[in-house]
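You will see chain A twice below: alongside chain B first, and alongside chain C after that.
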Partner chain A sequence: MIDNTKCECGHQNHEGTVLCESCGKPLHEDEDETKPLEMRYDGVARLSQRKNPSLLNRVWNFFSSVKVAIYLILITLVGAALGTVYPQENMFINIDPSVYYKETYGTLGHIYYLLGLSDTYGSWWFKALLVMIGASLVICSLDRVLPLYRALSKQQIRKHLSFILRQKVAYKGDLAQASASRGSSVDAGQWVEDAAKTLRKKGYRVHTDGTALLAEKNRFSRWGPYINHIGLIIFLLAVLMRGLPGWHMDKYMGFLEGETVKIPDTPYYLKNEQFNVTFYEEDEMTDRFRERGQTVPKRFETKAVLYVCEENCDNPAKEPVLKEVARHNILVNDPLEYKGLLAYQFDFALTPRLVSVSPMLRNKQSGQSYGPFTIKMKNPGVEYEAGPYKLVLKEYFPDFSLDEKGMPITVTNEPNAPAFVFSITGPGLPAEGVPYLYFPREADKAQFRQDEINGAVSQVWDISVNSMEDVEIANYTSYLNIRKDIALPYIWAGAAIFMLGVIIGTYWQHRRIWLRIDNGSELALGAHTNKNWYAMRKDVAWMLSQMGISVDPKQLSDEVKKA
Partner chain B sequence: MNLESVSSTALLIAFILYAVSFFLFVIAVTGKKWSSRDPEQHTRKWATLGLFAAIAGLAAQLVFFFTRWYVAGHIPTSNMFEFMTFLAMMIMAAFVVIYLIYRSAVIGMFALPVGVVILAYALVFPPDIQPLIPALQSYWLYIHVTTAALGEAFFAVGFAAGLMYLIRVTDFRNSKRERRSLEFVIYVVLVILAFVIAVYTFKGMNYSASFEQETTRIDQNGQEVTEVGVVDYVLPPLVKPYNSVTVEMKPFLGMTEPLFEAPSWMNGVNAGRKLNTFIWSVIFGAVLYALIRLVLRKPISEAIQPALSGMDAEDLDEISYRAIAIGFPIFSLGALIFAMIWAHEAWGRFWGWDPKEVWALITWLFYAAYLHLRLSRSWHGVRSSWLSVIGFIVVMFTLIGVNLIIAGLHSYAGV
Partner chain C sequence: MRRNRKWVQIAILIAILLIGGYTIGSSLFAEESIPREGSEPPAFSLLGLDGKTYSLQDYKGRPVIVNFWGTWCDPCKREMPAIQNQYEKWKDRGLEVLALNLDESRVTVQSFVQQNKLTFPILFDKDLLMRDRYAVRSYPTTFFIDSSGKIAKIAQGEMTESFIEQTVRTILKE
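Coming up: the complex of A and B.
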């Protein structure tokens, strides 16, 4: 079917136009003439309303539909809701989902897992939905914003009578009657000029064309939806960018007090100098809460130092050369930040562990002590001096244990039960030295029977600390969440643009009033707004009353039905 | 009298004033046809009194809010009691704003009960002032929670106006389905009220029961941790917590043992107790509903309809829409954007698919669909009003339901 899109005013319209782009006359005569006009996008044709679409055009047309957009929103809504039925896989660090859901939630849980709902938000279909919403946002907006811009930037002032009177807010009256009662005659041109002056007081921008008038206010609010869609597109793109390698890093690492740990895939090292946890004191609680006897943590704090590696970074044989670049007391809600690298307080654990001991070498028979000398549990040195005596570290078992054959082994590389085998040389000792096995922890010393193993040597020699002051212990491991997120600025920019658009689009309304006077005194007035009709009617009624026509705002909307 | 008790007294006064304001608005609307008076003058007089009561209530609640803030040292929006009272306060503020624009007494008749019910609901939670845990020590607690609640308050007004529209236009003789749906919505509101009544009834009777529950959870090292905790009941236990033994239970109507155990998949903190409370609320709600029906001798919504006869249906539709249009940007800002900024600062990620986050997104998507349907598909009137009603149910699920049945990072907001 070929539409005749030429209007009686002589304007040639685009295919799919509902209201003449020039005079506003409805182009389809078959509809109910008593109903208000459909004013969506000012009745202009959308880009997608073209004939004989190609395949690409068909895709465009599909995504240009608001109906499709709403379906996409609702499907995403349902999908997102399904994802909250059971905890998602990523809530756990260490589970096998194929077993976990069945064991914890039974058959239903297993079905949930099999459907892929245990990782809803990482699934291909959920991502596809987000991409489709993005496509819909771009295409819907472009499809409408260009024709709408064209229509609003060249509006004709004198509109067709049926356009004016079929607005939701409309008024029709004879000025001659109103004036006659006051004993004056009507000058249509002057009346329009006066009306224009009145409307300008209300902040309208008024254009007149002889006996016709167009008053307009807050047109910019029409761009609100398109601005907020741009913001959402930027936001969605930024979210998708995070999937690119190098754009996004997310690691959980434990840092023992005093330890410097390399952050993988970066040149950085982080040291936890000290971790503190404090709890609320009783006098900081209200009386009623104190009665509950609960302890509430007040503060978790990691005193962190960030280093960047300058030399020997990938050479395990050499000590890396580090340079301090940042220092920060990391709190919950207050991360360390350095050039896009972020370290958050995530958790902590009480992990009492030896860092170093500073014992003395003692001769039990003479009662003389030599030293002290300091042994570190991590990467201990090889040679130690205690007065005239020399101790050489022959073997080190950080986590001492005995295997089935009774041979000493180390279970892990963590100093949970450190044991040192020294060879002691010095005055009165053989040149090849005497072997001595030393357990710094008293518990290990008893359990593995240090003195029995050392045999005769332990009759004379002993290595031990004087007091707890010579023992350095790290109490806490602080778990930090190390992150890098290059997309963040784009995310915030997208969100800000979205907010701007939404506020423009909802807190202001585009209001327009058209009026024309025919045959010297027949006034026809129509008004349209995209929302808040209440205020629109009030504006029109106020203008009319200023012009000497008193009308109840409510009656204005019934004009069409009465006619 | 110390400041803490000044604070709780002020809240009680606010609650009473809101209830009084509600009755004043009811008189303003229903008393029009009383003999020997000018209807318009009558409405104006009583509605003005109602508005004064509402504003006085708001002032009292502000006293509560700021004294509590002073005593606690942090903004009182950090647990369920504080959040719900704040939400009620925001609903009252949103009501005053909308009322000053439209000046219609009927709005008071519908918006005030929503605020009153939510405040009553809040009063059931333990009102202790708790010290702030580290995760909440941020000025975003002030910004995020308050803006989110304000946005939701406008949705509540949109819900009230939408419900009014539906009651106004429904033809009760010929539309069974609509009538049933409306009655169901009213029943849901009554269930919340019934919950409050049930808790206070049994508290008044000094009823108590307690259970020892064994829970297993997985810590962040992937290890299973088993904990034993005591769960105290105020309402007679029809349902006992999952995997628990009875420590003490006062007999109730000859019942000495709970009827059944809560299912294992209810993950929330104290899920068993909450399920038990829910069942009691449904029962009390049904009793309450039946009593009102008995008095009225017709469906409640049908009985309300005459009060709305003076109201223009189109105005109601527009009030509902405008309240939601005002609320949507505030909600987006508070519940999503500020939430993302805070999440980024506290947890190191702006979005983590935590159930509460997801449900805030669902609420947002729902109202986005509402706006698109209204603007581009011309859904006005009945369909739009039903969406505003369903939308508020989604809001309430996000606020209460998520804490009830799904555990997550926001679980500290529940009790």
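Coming up: the complex of A and C.
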């Protein structure tokens, strides 16, 4: 079937046109001639409405359907909801998801993992849905905005009578009667000019064509939805870009006080210089908390320094050269921020740990002390100097113990009971040196009988600290959430454009008034807006009353039925 | 006008196809983050006890044993002599052993290596980055990499010498 799309005014319309692009006359016979017209997209055909679609057009048509778009959004919503059933993989610091979900949540958890729902938002199908929504947004918009733009930018002033009178706001009357009551005759041309002046006062842009008139206001509000779609597309693209390597990071890391830790996959190192926590006092707590006997942290902060690696970054043989780039006291919701890298306070734990000791070498007989020298618990140096004496570290056991054969071993890699075996050389000592076992912690010294093991040497020599000030202890491990989101500004920009579109489309309305005078005095007036019909009717009634025709705004919408 | 419109449509569809293809493809073919038997071992470049830098890539085409160990870990220490024996037995056939120490102090590692007369390269896994990359959760864990550069076997826990020998034979294609 070939539709005849040629209007009686002579205009050849596109396939799928509802209202003649030129004069506005409905192209199809309606059952009900008095029903208001369907004014969507001004009655023009969408791009996708055409006969004999090719494959290209079929794909285009699929995405141009609002129905398809709604289904896509619904499916995405359901998928996103499934992703909230169990915690996602990226929530954990170090797990093997193939084992974790089964162990923690049982068979259901394993199925959840096998279905790929443990990484819902990174899965191919979720991304495919996002891409399809994006495609639908672009195509739906273009499919409608281009024909609409064309229709609105070349509007015919003199519309077909059936177009005018079948608007939701319409008025029909004889000007001769109204003017006769005032004792004058009607000049149709003059009347239209006066009406134009009146409407201009209301901010309408008025075009006249003899005895026909088109008044229009706030046409830009029609672009609101499309601007908002552009915002959404930018938003979606930004979300997809986060999937690119290096664009997005969300890690949880522990930082012991005083430790500088490399942030993986970045050139950055972060040092927790100091961690402070204050707890609520007894009298500040509610009874419920007091009963539980819990301590509740009031405020905790990490004095953090961020370094960037400048040299030897990937050279394991050399220490990296670091440069300080940022320094911040990280509080909850007050992150360290540097070039898109964010470090949020997440948690902390009391993990008291010896970092270093600075003891002195003492000669018990002469009472002389040499040093101090500093021994680190992590990767201690090999050679130390204390006055004229030299100490060479032969063995180091961070967590000293004895095995079943009585041999010294370390049971963990943490300095819980550190023990150092030195070889001391210097004045009055043999050239090959004397061995000396040193426990920095008094408790270990007694438990493992340091002096007995050292034997005769301990009669003369002793290694010990003067006071607790020579002992460096890290008390807390601060857990930080390290985030990087380069796409964030684009997400904000997209959201801002989206909002702009919403505002344009919400707070302004595209109002249009068409009128024509036939046979010298028969006035036909129609008006259309995309929302706020109340104000539209008021505008028309006000204009008519200024022109000497008194109409109740409410009556205007009923005119259709009377006609 | 009509022609133009068709090109606009084609351009937009191609753009969507490219962007969509890339994002979906990158998540579809994303590298499995946890190494498993049959997958490729993550590359590393680490400092050895001898001061040299060792990279796994340098041993491409050769069978390699990557062992994660620490001196505080009893089963790790117990299996070391067996690894040393097998290393000596098969090194002429191209076998290499890279023993990644779990971020211990140099002095501690050095004295253990000297006492046990280990001759294969001992590497420092500083800050345990490679342990995490290899998703090692119990010690010792040993990865047997065959000459095609794939992980042939992952052994968790202490290995007997006969197990090591048998596995080495398979990666040597004996």
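Convention: the second predicted complex is superposed on the first by the 415 of 563 C-alpha atoms of A that agree within 3 Å, B and C clash if a C-alpha of one lies under 4 Å from a C-alpha of the other, contacts with A are read in each partner's own complex, and residues count from 1 in each chain.
Everything that follows uses one rule, which is that a residue touches a chain if its C-beta (ideal position, glycine included) is under 8 Å from a C-beta of that chain, and two chains touch if they have at least 3 such contacts.
It should be emphasised that the depicted structure is a prediction, and the values quoted were computed from it without experimental measurement.
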item: Touching partner for A:451 - first (chain B), second (chain C), both, neither; value: neither
item: First (chain B), second (chain C), both or neither touched by A:413; value: second
item: First, second, both or neither for A:74, with chain B first and chain C second; value: first
item: Greater chain A contact set [chain C / chain B]; value: B
item: Contacts of A:8 with chain B and chain C, given as first, second, both or neither; value: neither
item: Touching partner for A:310 - first (chain B), second (chain C), both, neither; value: neither
item: First, second, both or neither for A:66, with chain B first and chain C second; value: first
item: First (chain B), second (chain C), both or neither touched by A:265; value: neither
item: Contacts of A:297 with chain B and chain C, given as first, second, both or neither; value: first
item: Doubly contacted chain A residues - partners chain C and chain B; value: 94
item: Partner chain B, residues of chain A touching it in the complex; value: 38, 40, 66-67, 69-70, 73-74, 76-77, 80-81, 83-84, 86-88, 90, 92-95, 104-106, 108-109, 120-121, 225, 250, 252, 280, 284-289, 292, 296-300, 331-335, 342, 344-347, 479, 481, 483, 488, 491-492, 495, 498-499, 502-503, 506-507, 530-534, 554, 557
item: In the complex with chain A, residue positions of chain B that touch it; value: 4, 71-72, 101-102, 128-131, 133-135, 137-138, 140, 218, 220-222, 264-265, 267, 312, 314-315, 318, 321-322, 325-326, 328-329, 332-333, 337, 340-341, 344-350, 353, 355, 358-359, 361-362, 365-366, 368-369, 372-373, 375-378, 402, 406-407
item: Residues of chain C that touch chain A when the two form their complex; value: 5-6, 8-10, 12-13, 16, 19-20, 23-24, 26-28, 30, 34, 45-47, 51-53, 70-72, 102-108, 111, 124, 126-127, 129, 132, 135, 137
item: Residue numbers on chain A that touch chain C, as the complex places them; value: 47, 56-57, 59-60, 94, 96, 98, 122-124, 127-128, 130-132, 134-135, 138-139, 142, 146, 237, 240, 243-244, 261-262, 264, 314-317, 378-380, 382, 393-399, 409-413
